[in-house]
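Take a look at the structures listed below.
There are two complexes below, and they share subunit A, which is joined by subunit B in the first and by subunit C in the second.
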Partner chain A sequence: MQPFEYRTPKNLKEVQQELKQFGADAKLVAGGTALIIMMKQRLVRPTCLISLSSVRGLAGIAEKNGALRIGGSTTHREVETSSLVRRRLPLLAETYRHVATIRVRNMATVGGGLAHADPNQDPPPTLIALGASVKASSAGGSRMIPVEEFFTDYYETVLKPDEVITEVSVPRLPPNSAGAFLKFLPRTADDYATVSAAAVVTLDRSKKIFSDVRIALGSVGTTPIRAREAEAVLRGQPVKAEALRAAAEKAKQAVDPISDFRGSAAYKREMAGVFVRRALEKALEGFKRVKSAPSRQSKRRGRR
Partner chain B sequence: MKRAVVLNVNGESYDLDIEPNRLLLQALREDVGLTGTKEGCSIGVCGACSVIVDGRLVSSCLTLAVACQGKEITTIEGLASDGRLHPLQQAFIEYGGFQCGICTPGQIMAAKALLNENPQPSEEQVKEWMSGNLCRCTGYYKILESVMAVVNNKVGTVQPVRRDERSAKIESLKVYKSS
Partner chain C sequence: MKLKIVGSPTERIEGPEKVGGQTLYTADIKLPSIIWGKCLRSPFSHARIVRVNTEKAKKVKGVLAVLTGADLPPFRVGLSLQDIPIVAQGKVRFVGEKVAAVAAEDLNAAEEALSLIEVDYEDLPAVFDPKKAMEPGASLVHEELPSYKGFHRPAEMIPNVFAIQNWTAGDLSSGFKEADLVLEHTFHTQLAHQAYLEPHAAVVAVDGSDRIQVWASCKAPFRLKEQLAKQLSLPKDHIRVHIVAVGGDFGGKGSLMDIPICYHLAKAAERPVKMVMTYAEELTAGDPRHPSVVRLKSGVKKDGTLVAREAEVIFNSGAYAAFKPGEIPNLGGATHATGVYRILNYAIRSYGVYTNTVPCGYYRAPGQPQVVFAVESHTDLIAKELGMDPLDLRLRNLLRDGDKLPGGRGVEKVRCRETLEAAAKKAGWKKPKAGKNIGRGIGVSFRHVGGSGEANAEISVAPDGKVTILTAVPDTGTGTHTLLQQIAAEVLTIPPSDIRAEIGDTETFETDAAPGGSKITSMSGQAVLEAAQEMRERMKTTAASLLGCNASDIKLEKGRFMTARGAKRALAFAEVARQASKENGDLRVRKIFQFKSRSPVAAFVAQIAEVEVDRETGFLTVRRIVTSHDVGTVINPLTHQGQIEGGVIQGLGYATMEEVVTESGKVVTANLGDYRIPCIQDLPPLQTVLVEDPAGPGPFAAKQIGENGIIATAAAIANALGDAIGVRISDLPLTAEKIYFALKSSRSAA
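And now, the complex of A and B:
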């Protein structure tokens, strides 16, 4: 790695001062699991690293007005193991548990992962399906950005150079809702997904009609995507296998994967349909589980 | 520009004067002089450089040394005490988890971090936790057996194979060769 300055601001104001001083040559660093690799490979060459590790108030998970507020510097592992997250949104804890290895999850942060914006990551599809937002703060104030609108291209986001992700806010699930995240891993347990799919399903009071559905996919294009056409197929329809298959077909049309060592574009497109259908099925299983044995969900520990 | 950094490694304090681009791995091996921690892939995938920082298992190849100022670092050298190997180290020898050796320090540190958090993991939990520690000898079952030996308190029960027993074993294998 080329030499660089290393700064450890204690609060957001100091972060802004450092950003102002070093401009575009500076990079914010949290866990470093993505940035340090990119620096070793000379893909990025910042002359200054501004560490967020000492910034007060950026880590931690709390519940506020029904929403989970996850600080930008909270590690993946903290989300995975948080009793609050496991109680309120087991899907979110389960999704973060799928990320890479224990070492990466111990270091990588929620905000850092989103800012890295690799379209193969696990959390974004689930965050999109859950309707989560990113809070970005700068000297001029802060704004909330839906995760769905956050990514613009490979490793590109709508964040401005002086913005810091201070929080991720995940709303409470509506009543009669359940979700699932599935990661297709044909190679190794710690790999990025070949495709991944998250689904959050809300049923009407009879539990026989889809009143709302949110579907998102990862590893199928330059950014994680929301499959709105697939959702539209289900909304207002009875819960039936044909409806799930029709939604899966729509999801296949929504994706634009590339061929790489994890599979050809055609194969990934096919798998996108399969995994959307399975994610919907798994989400629907959640309703049965809640009815019969409420404690079961947290005991399911299958990695794949 | 160099910075003064204090690293607490295995209970000893080291005052270093290092560049911010120095990795914890390099600082441990070259500045502190503890070469038990190995460099494998250099991109956080293989686990050979695993160390425990403030109780958490991390890749020292992705960790800046300056970011470890004041933190408690445990490396493979910190496990044995009073000339006695840690049960995990002993188990890796007795149960064959120690093979060519390059991944072993990382494997043992990963297992140590797991047992710190959960002293009674199931085989499945060990497999999942250790999935990020690669072994090119592919001796994963031996590694799993070694960790489970510690969990099930079976370290020290294996007698070394005697020379005559070993010869008899080799002889018995020749049956397969000739037929």
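And now, the complex of A and C:
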């Protein structure tokens, strides 16, 4: 790793000043779990790290107008263990629990994870399925970006060099909604997903018809992928096994995986179908459990 | 005799130090003015080095030495076959081979300098598949092989083959004639890394008169000293190897690795040099387990009696054979091609083959997990064809007392049946399974207690009665020194806490044993046992004169010397120690244990895995593993069980997930995120059965355990998979994807 300056601004204004001073040679750092490894491997060689950890007001979870607002510097572990998140959106807490190990989750931040934009990460599919948005702020003000539109390529996002993720906002789910996130780990529990799938299902009042469905997948393309055609197959349809199978088929067409050590492209495509169907099934199981507590099942990693 | 300390679970002597971070590993060694060494590695699998320009690198601030092949003597090094240059000379033979080396004040300067070295390569045709490498006209990895030191011309010259071994018995063709059924299968195993926590590291300091000191993550300090003397043309007494803790060996820490280049850098820079491999370097240029191709052909009678076996074992050695010791640098595992079975007619042929990939070395039972996977899979396929229960087929063919193994060694006191039956009983072999897609599979194998050369131990007793064991055996993480402490405590009847182990270096003894093949508990343990016994006798003499009786009337019990007729007067151990020191000065006994020949008593292992397959994804869940071991006296149940569990976990990883993946010879799983090993969540419940028979060749009739956990695990899991879904995967690892597509094609075939 080459030597670098280390700055600890106390507020966003100071962050902007540092960014202005060091320009493209600077990198923002929060938990550092991804960046430091890349620096050690000399994949990135910033001459300055601007730490966000002392910036006031960037961490914490709150509920505002029904939406969950998660500060950009909130750690994965905080989301996972937050009683508010567990109560309001157990799916989100569950998803963050799947990320790496406790050591990593204690350091890695919500904003940092999104800015890193590795398509193998767990939270993005769930955030997309939940309709979450990213709040990015710069000297010129702030803007909201739907997570679905946030990623552009491997490790690439729509963020501009002077933008900082200050918040992730997750809207309240409509009534009669339930969700699920499944992570397929055929090698070891301590791995990135071969395929991950998140599904959020909203049923009509009869609970027999899909009124809305949102499906997103991870590890099967250069960015997380929303399977819109699979969703369309279900919308307005009765809740039946054939419909789920048809949606799974559509999901297979939506993905564009590459072959790597976690599986060949052909295998990942097949598994995308299986895990979309299983995620839908698991989400639907949520309707059977009346007022269920947050899932405390063993970390089975969506194997069955 | 009832054992008191031997046989009781004893915590590691070095445990608190390790947990507390005080244990020194090579990377922790600090010397005044020490600098860093780093290597530039080849991006080509096979290429001629046309030109190397180091001018820019030499100008980097802090750089003290830059060496290329042209700066070094034309030596090739190797434990047996000396085929590896210290830094590539003339050509490179694998991606990751050292092309240049830099020593600098700090790592950054060294890395900066490496990035500025310009190398022009001219690509050469390369070979990656060992079978293709053996074809006539194949491109040669080593044109000059016959000229290498340590080369033994095989009976037949085949391209890229540096070793051929044959073992035969009976008459193969008449054996096959006798058979009712002849079956042939071919199996492939993958490249796998030991994945020890500590990567290879070395520190070398050279003084003005070319005397060198070495600290290294090397399990064999004395062999290292000998090798360095021979291969760097230095007098032996100029080399001192310090013994540091080794952070995991599993067979991989016995080679020279970076030590020769570290020496040359230290000499050129006139400063001590430290080199620590990154894990990327470990995975691309360490000394991993050989991939193999194993073809087995067996003749069997209708009743299940095996009558003939032909085996062809091809070990893909990668670009060099330098990491393998032994007169013929190939892997002993090929002798297991007849398994635990009595087959009167067999012919085994084993090849060591060069390819343009990472050179391979030793890994916990070299060659055996590969061959046992093949043999035990083949055994199940035979049972299936005959419609026999795989357990019954095995029981029908087991080795018997007095049978000869390939290589001519006999086996005695064979406990294979008892071990296998105990495993079957524990696993409920004949009981119905809990559901569909669940299967059970067996793997059986054995190991002999290893040994070679000699082991030393010195026991000294201080006037206060505290005992010191002096040894020059490094601890590779197995708890070796704790076992030595227990053995001495048993003989001297004092608490283990009154005994400490002092770790010497290569000046302490003329030579000493090195961990490998489960030999230390046996060899060093024997040396300690004999030294302790002599010490006891010596102290009895002192006690006798104090008590006014004959030494033969004295017994030592619970740390007290007393007359055999009663405990009227007893002397404490410390009191006798004080008196003896006063009379005779130093209380010190040295013993050398010379290894003469291997005992015919082997230790068998039988494992039964139960797996469940998710047919929709191919995902394999190992529901449980039963591991049954033929053991002698267990000296330390804690470390013994640790060896079993560690072995089974490594075996599970080998079976289901671990693979160093290469593309055109280049390792692409170059970090531990891509090369995965099992984590705690992946482990199934493990049930251990110890089939005790205190008749081992080791101290207190111990048998060995170091490799027994790993050798049959992949076989058991593969057979369980076959039982669960009726589909046979003949190449490791048994990934979900392979299972998924195998199921798919079996469905479309049906």
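To be clear about the criterion, the second predicted complex is superposed on the first by the 290 of 304 C-alpha atoms of A that agree within 3 Å, B and C clash if a C-alpha of one lies under 4 Å from a C-alpha of the other, contacts with A are read in each partner's own complex, and residues count from 1 in each chain.
As a working rule, a contact is a pair of C-beta atoms (placed from the backbone, for glycine too) under 8 Å apart; a residue touches a chain by one contact, two chains touch by 3 or more.
No experiment lies behind these values; they were computed from the predicted model shown.
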Check subunit A with both subunit B and subunit C modelled on it and let me know: fit or clash. clash
Output check: A:Arg187 vs subunit B and subunit C. Expected answer is one of first, second, both, neither. What do you get? second
Go through the superposed model and pick first if A:Gln2 touches only subunit B, second if only subunit C, both, or neither. both
Contact-wise, after the overlay, does A:Arg205 reach subunit B, subunit C, both or neither (first, second, both, neither)? neither
Does subunit B (first) or subunit C (second) touch A:Lys64, or do both, or does neither? neither
Would you sort A:Gly263 into first (subunit B), second (subunit C), both or neither based on which partner it touches? second
Does subunit B (first) or subunit C (second) touch A:Ser53, or do both, or does neither? first
Considering only the touch criterion stated at the top, classify A:Thr33 as touching first (subunit B), second (subunit C), both, or neither. first
For the superposed three-chain arrangement, which subunit B stretch in 78-86, 150-158 or 168-176 runs into subunit C? 168-176
Subunit B and subunit C footprints on subunit A, overlapping residues: 1-3, 188-190, 303
Residue set of subunit C touching subunit A in the complex reads 108, 111, 614, 616-619, 621, 656-657, 659, 661, 668-669, 673-679, 681-682, 735-737, 740-741
How about subunit A: which of its residues touch subunit B in the complex? 1-6, 32-33, 36-37, 40, 49, 51, 53, 77, 100-104, 106-107, 188-190, 301, 303
Across the complex, what residues on subunit B touch subunit A? 1, 3, 19-21, 23, 42-45, 47, 50, 56-59, 62-64, 66-67, 110, 113, 124, 128-129, 131-132
Can you tell me which positions in subunit A touch subunit C when the two form their complex? 1-3, 42, 184, 186-192, 194, 260-261, 263-264, 267, 270-271, 274, 299, 303-304
